[in-house]
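Multiple structures are listed underneath, in structure tokens.
What follows is chain A paired twice: with chain B in the first complex and chain C in the second.
Right, the complex of A and B next:
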């Protein structure tokens, strides 16, 4: 690296840092965020957590009910992810460069994926809540729509990455589109796809809590109820059960990934 | 017996045909995973709580709602200037959580990188990060809202946690890929740990760190929208919640959704470019 390049890099870095600091100050001004207050609030908040968020004998009595709700939430996220994955496989086959049928369908698939991904799950939940009402289906559909968008993009990337040469080889033998997809594209990208599905299940359990608070279903609603009635011992218990569930699912999916790869 | 006639190393089907599918361990793993998914999905649909659901009328109604939202967006309860300000608040929350998070994550990542720190510290930091990641962001924000009082401080502090957990993982992986020779050369000259970081690690990873930070900013924007709606953190998310939950004003919901969509797509275009430039192979996991 010559000295000139180093000088130039140094300048770029300095300018980038100055811009970032300026934007940060602007954001703090808009949101009324006070750095010193934030800093001061942190230790008190942590102290509060350790003194109030304790699991007591009394709150443990609520455990069966909580586990039931948690179960519902976990199943909701799994169902949303797997059904979304099925839709995403078709959309990604239409949208990917290696397997696209024609330009129009490809554009269409990408548009659907982009819209459903970029409208936050919260917005979907609130929109669906209006007509579907307070039940599991509302949460399920909100997660489903967001997951379709994300998985379609991920699947398109895995298809493009994994199967280019295999597709070329099969095309040369005169295989039909169905054969190519079935024998080359899917087998080659399947491990990658399953890995994404597992990742999405983990993410969706966390999003399901959020959606649950808004739509009044699952563990999110239970949390909100106890939170609003200021029963912090149960709040702590719910938080810990979510943490344990998420970590167990993470361990299972790591194991599956290890077996697959 | 018939079985003694078959050589053991050729797998045959029941009718004597030679099986052409060998079925390696990974293939079996994939098959069982898919079966597991199917079973769990079917079980899930049986567990669901279907109270008060009238599927067909709900679908038709949602279709009509979406039509009103997307084809007749309008503002009724606040002005354009206010809408712009609320979007600014949401972006501001996202910026604060990302910038402060990246600074803290930088130091924690130094402790979590195996080539820079002792093993037990690395493990300790990683366990804490895994715990933080497992708690949903909205719970962090809600907990901080009681512990630190309402306001943007609680929202930013809550959002910080996940940003830090995400960035520590990304940063420490970037640090671990720093050329071993650079570190060794610097150590050989007698420079201390801090010198190694500022002159060896930081220059060679700086662009990666910036792009990871931007990728996180994209995520934080939608998190900030969510926190506005679910945890009362303000911004456009809160307006969305009010428009749909209190005023039942679909046209306003449509307008807000368009605003969020516009910004999210702009951010996505930027981050896709960054990804293609700095991470040619997909590293987004």
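Right, the complex of A and C next:
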């Protein structure tokens, strides 16, 4: 790298830093957020956490019930993700440049993906609450819709990246569309797709907790209930269980990824 | 009777600039023809007009007495079954094994269901192994393609083209990504396709020396026009300059 480029990079970094500081300062001013007050509140907040969020013997009795709810939430997330993945595979095949059948279907797939992805899962949950009411279907659908959007987009990129050249070659041999999709596109992009599905399962378990608070189901509801009755010991236990569950799921998916690649 | 007749072929991707302009030539069965020309001359486009991987803007391509220009789905599939294609970047499915990739060349003869289920006859499998043996990579048959060297992958690509039992093989810069040693192996194999199996070969190349060494006949392309069409010894220095333009030639042939 030449001296000049280095110099230019340095300048760019400095300017970027200045801009970021300016924006931070501005947004703090607009929202009346005071850094000093925020920092000052820290010790008290942490002190409160340590004195209230303790897992006691008494709260441990609730563990079986909590684990039951946690299971429910985890399986709902997995179900939402895998069913969404199936839909996403079809949408992404329609939407990807490499495998699209015609321009209209491609547009249609991209539109669905874009709409469902750009509305946050929590917003989906609130919208669906209106028509489905407070039950687990609402939570499932909210996760499902958001996941379809994300996975379709991710799968389209995997397909384009992985199999463009093989698709050209197989087309040139006289293979049919389904030969090409089944024997070139899917085998080549499957590991990448599974990796995205695992990522989405992890994400959905986190979101499911939040969605559960709104829809009154799963671990989110349990959390909300004990939180509102100010039984903080149980709240701590629930939080701890969620963290452990997420870590375990992450370890499992990392292992699967390693084996697959 | 020529196997391939091209008459007045023009191609434009955007309806403005013509990538190919009024191209005409015939290729007889059993010929080994090189197409040379600078990058962007339209060599890849020309090959892809022959098996209709791109549409033809105007003019005629007649392959084995069939009009290619206007072919629809079924006829097009039939046409492609008879034409093998070899690519610069091999265009294999990297995660699949060598033998699977070779057998992909048979899809043109299969119904959708047969192909999706992966039903191949014993004869097809034997043929696949025969070709791999002939190309000297039979010991890699069950390896994944992404574990092979470039030269080996290109030989898989050639086996995939040959198992189609084609009348014509189109090669788009088959050695452009290979070192000189592998290049020689690949060119020797391509040459033997014609000399031993009698299959016609049309090869895009950008190395003039390689074209002169291997082909019966050379077609020179520049800016989408045929500027030379003759036997390899007729390609004189001054003709080469016409294909490449005087100054750039040094750069291209290194």
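Annotations for the structure displayed:
Methods note: the second predicted complex is superposed on the first by the 250 of 261 C-alpha atoms of A that agree within 3 Å, B and C clash if a C-alpha of one lies under 4 Å from a C-alpha of the other, contacts with A are read in each partner's own complex, and residues count from 1 in each chain.
What we mean here is this: contacts are C-beta pairs under 8 Å (C-beta built on N, C-alpha and C of every residue); 3 or more make two chains touch, one makes a residue touch a chain.
This one's a predicted model, so the numbers in the text were calculated from it and none came from an experiment.
Once chain A is used to superpose the two complexes, chain B occupies space next to chain C without a clash.
Legend: residue contacts after superposition of the two complexes on their common chain; A:183 is shown touching chain C, with no touch to chain B. When both complexes are overlaid on chain A, the residue A:37 reaches chain B alone and has no touch with chain C.
Residue contacts after overlaying the shared chain place A:23 against chain B, while chain C stays out of touching range.
In the superposition on chain A, A:247 makes contact with chain B only, while chain C stays out of contact range. In the superposition on chain A, contact of A:136 is made with chain B only, not with chain C.
Once the two complexes are laid over each other on the shared chain, residue contacts for A:191 go to chain B and to chain C alike.
Looking at the shared chain after the overlay, A:174 reaches chain C, while chain B stays out of its contact range.
Contacts of A:166 after superposition on the shared chain: chain C is touched, whereas chain B is not.
Between chain B and chain C, the minimal CA-CA distance in the chain A superposition rounds to 8 Å. The contact surfaces that chain B and chain C form on chain A in the two complexes overlap at residues 191. Residues 25-26, 29-30, 33-34, 37-38, 40-41, 43-45, 47-53, 55, 57-58, 61-62, 65-66, 69, 85, 88-89, 91-93, 95-96, 99, 130-131, 133-139, 142-144, 146-149, 151-154, 156-157, 206, 210, 222, 225-226, 229-230, 234-235, 237, 240-241, 244-245, 248, 250, 253, 256-257, 260-261, 264-265, 268, 281-282, 285 of chain B are the ones that touch chain A when the two sit in their complex. The touching residues of chain C, when paired with chain A in their complex, are 51, 53, 77-81, 83-85, 87, 89-96, 100, 104-105, 107-110, 112, 115-116, 118, 157, 160-161, 164. Interface of chain A with chain C (complex): residues 163, 165-166, 168-176, 178-179, 182-184, 187-188, 191. If you check the complex, the residues on chain A that touch chain B are 13, 16, 20, 23-24, 26-28, 30-34, 37-38, 41-42, 44-46, 48-49, 52-53, 71-72, 75-76, 78-79, 82-83, 114-115, 117-123, 126-137, 140, 157-158, 161, 190-191, 194-195, 197, 199, 206-207, 209-210, 213-214, 217, 220, 223, 227, 232, 235, 239, 242-243, 246-247, 250, 256, 259-261.
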